[in-house]
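As structure tokens, here come the structures.
What follows is a pair of complexes built around subunit A, which joins subunit B in one and subunit C in the other.
What follows is the complex of A and B.
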């Protein structure tokens, strides 16, 4: 079989997966309600964070920690969306829609299909993140002058980070092929661990030394550090201050590469096991 | 078989499932779903696999459709090994599983089918035309724009049936395609299956069923399978001809009676089944010759049962199955009030 045929199948799988994902994500209500939901949800999320910060941390909005937390939290929206958006497809297609076996019996590239399904979640996360950031700048007074944003760094690291999240989603998707209803907890657990360990709201410096090292091994940490440097001019983590921005991006690229290889190898292994054990059409929760 | 072109070939195909210790409940921890099944389906055939529930039919289809690995043995579909090159196999096949209501509920019938056609690289306009044709066939033309969460289970099943034929695959696997459908719909789908294979002589269908009449009516050849083993494989007519030296009777006696021990003791019976139905007991007998009927009738009379009807009938595939296995095709359906089938 030629690479051209494989390429065509991969592209079709991505395209149709993205179309399907968008239909599922946007079709549950009418357009107006969907638009309201898309705006209200991130604003509500931002307000919760602000109140937690003001009440629990007793900090002021002018404290330099606040933009750190706010920007980290805004971009963290992608982590949950992409991670769960891709991995949850496996269990949703298998158990809710009963379609995974038909996907596996069709000439599609399952990797690009799953990533395609995550595209809709990514698009929705983009809207949410943008609204959150605009709310932060416009209402909460976070200082992000467009002229001082490093747009090149922002775009480059943004794409790299999304790739890392997509591969992490595939990794979880592989685990989902082999597990029953526990996927939701695994996904939530991983997303929660990343929230704690990647410096989303707590700088790495406040974590115990052992957890700091775990955090330093995660691509999401470098992604958020690079994004903050691009947007705010400062990553905010003392533990990473000694690294130049180029080094942060390099570590992000390398860790994404390692994650890509690991997730594909793991997913293929999980597929083989699922084929061997007859798990592609198991029903455990619906 | 040299020189023939086979769309599906299996050689000693075996699938063993491991059962978890806590689920084994004192029984063996291995279940043999397919036991050295060897089949060869020629291109252009409508080939049936007939067997009761749990016979291994779905396991066979799952392996052929690359959804499940065999434990041992080989399987080739469209000349391609399903284990060595599953991706290539998938370009040649389609699959429909009956009794399922799968599909994306938020999409319309048309969208569900269109989406699937795109995975196969169909041109969108061609796909829409084909969808229109198939929805006419399955009687869903007026539901094309309906989101499928509004559809009944039967309607979803019809949509899935249409999905299987959408791309006119080289090899189509139909796993109990009419199970659970009403009589009229099942008849319509069966006639479309026959029509499709007649119009596409280069295509092949492998159909599993536990409906004897479906296999008899539709299939060019039938493999009879039970407990994972292929017991016989031939045309329905040839299989039935195998019973030519024997006679088949159906008797009805009054009351709900366990006549097993009594029939066990009667001579000349090759095979029998008996089941309670609507306040009477129905007995199917395969006898070595007609003379064997007399002692059976005497025994029944001796047991105080009243004979309601007696019918000598042509052998069916059900009788072939009974002759081969010693119980009826429907014995393990779980839905009836059948008494245990006995083997002599």
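What follows is the complex of A and C.
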């Protein structure tokens, strides 16, 4: 097969996966209810943090920790969406729709198909994140003047971070291929651990020292640090203050590269094992 | 007799199911604990008094019950429809209320073990101070909360009987917004009296507020929603209303679903 044919197949798989993902996510209801559904959950999640803060601060939102919490939480919406959006497809296609075996029988690129299925979730997350941030600026008065935002840094790190999440999602998808009864826990567990360890809603400095080191080893930590520096002008983590913004981006890029290699190698291995053990059409009555 | 056997028969898989895959229990405690830990560290970062750690740990433990209501009570008949069991329930010579009650009893048992795990781990890891003013009152509030909550779950199961994929999405939608308005992680009074009053339709709102008052009377002095006695009375009323409504709704929606041919419609 030539590179051109392979490229065409990958692009087609991505496109079809994205279209299918969008249909599955959205066509269960009308557009209005779907829009409400997509926005209410993340905004409610953000408001939990707002009220937790308000009940202690008794009304004051001036503490610099508040924008830190709010912005971190808003961008974290992508973490759950991309990780679960990609890894859950394996269960959905294998057990709910019983289609995974046909995917392997069809002329498609399974990696780009899985990433395509995650695109719909990413699109929904983009709307939710945007609305959450606008809510923060418009209603809660978080100070983010557009002129002070480093748009280049924001765009660059945003794309890098999404790529890291997509590769992590593929890695989890590989693990999901081999598991029968822990599918749900894998995605939720990793997303939950990242929430705790990546300084999403509190600075890394608050964590016990051992956990701080774990946090410093995670790409999402550097992604959020870079995004906060781009949006707020300050990452907020004392533990990372000694790193220049260039270094933070470099660490993010390098860790994304490592994750890319690891996820592809692992997914290929998991595919081979699943094929050998007959797990591609496994039914656990999920 | 058939009623009781049905209750036990439906509760049995939920009780014995936990033994089949013991690692689930670990995950069921570990996953909520991650969220609880994150919220505990937020409170620590903003310098909240230690009692707030107790608020979060208690709320985190109670999330297990709300998740059980959404995914294993409300959505259960949808899952049964998808896996082809619902028609077997319909033709079985027994009461459908007994099936729902069995789901509730089994769910309470399984979820209580998870909730105790989250509470115990939270207390140990974060050294949460807990000094209840009245243990019998605390147990009473907890039990009344469970009766009302699972009554609501039985009612929701009847409503969800009509739905296809919407059931999954609606259950998903009822997570974070309910965590917010019911004050799972902060005293519900912070939302204002009227919002708290509206949120009281979910019994955990009243139950959590009452339990926090009994555990942290001084801290809750300015933050309580209603007096404990009033909340206990409201929980009793909610329990009775939900159980009665579930009985009526189950019959109504089963007939409606039967007429519209939705009882056996899969993959909607």
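Quick note on the criterion: the second predicted complex is superposed on the first by the 280 of 286 C-alpha atoms of A that agree within 3 Å, B and C clash if a C-alpha of one lies under 4 Å from a C-alpha of the other, contacts with A are read in each partner's own complex, and residues count from 1 in each chain.
Methods note: contacts are C-beta pairs under 8 Å (C-beta built on N, C-alpha and C of every residue); 3 or more make two chains touch, one makes a residue touch a chain.
Since this is a predicted model, take the numbers as computed values, not measurements.
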Subunit B versus subunit C as contact partner of A:254, first or second or both or neither: neither
Which of subunit B and subunit C A:193 touches, first, second, both or neither: second
Touching partner for A:201 - first (subunit B), second (subunit C), both, neither: second
Touched partner set for A:139, first subunit B, second subunit C, both or neither: neither
Subunit B versus subunit C as contact partner of A:159, first or second or both or neither: neither
Touched partner set for A:276, first subunit B, second subunit C, both or neither: first
Contacts of A:265 with subunit B and subunit C, given as first, second, both or neither: neither
First (subunit B), second (subunit C), both or neither touched by A:63: second
Partner, of subunit C and subunit B, that touches more residues belonging to subunit A: C
First (subunit B), second (subunit C), both or neither touched by A:28: both
Subunit A positions touched by subunit B in one structure and by subunit C in the second: 28, 97
Contact footprint of subunit B on subunit A as seen in their complex: 1, 8-9, 12-13, 15-16, 19-20, 23-24, 27-28, 97-99, 101-108, 272, 275-276, 278, 280-281
Parts of subunit A lying in touch with subunit C, wherever the complex brings them together: 28-29, 37, 40-42, 44-45, 47-49, 51-57, 63, 65, 69, 97, 181-182, 185, 188-189, 192-193, 195-196, 200-203, 206-207, 285
Residue numbers on subunit B that touch subunit A, as the complex places them: 17, 62, 65-69, 87-88, 90-91, 93-95, 97, 100-107, 111, 115-116, 118-121, 163
Touching residues on subunit C, where the partner in the complex is subunit A: 21, 23-24, 27, 30-31, 34-35, 37-39, 41-48, 52, 83, 164-166, 169, 172-173, 175-177, 179-180, 184-187, 190-191, 223, 267-268
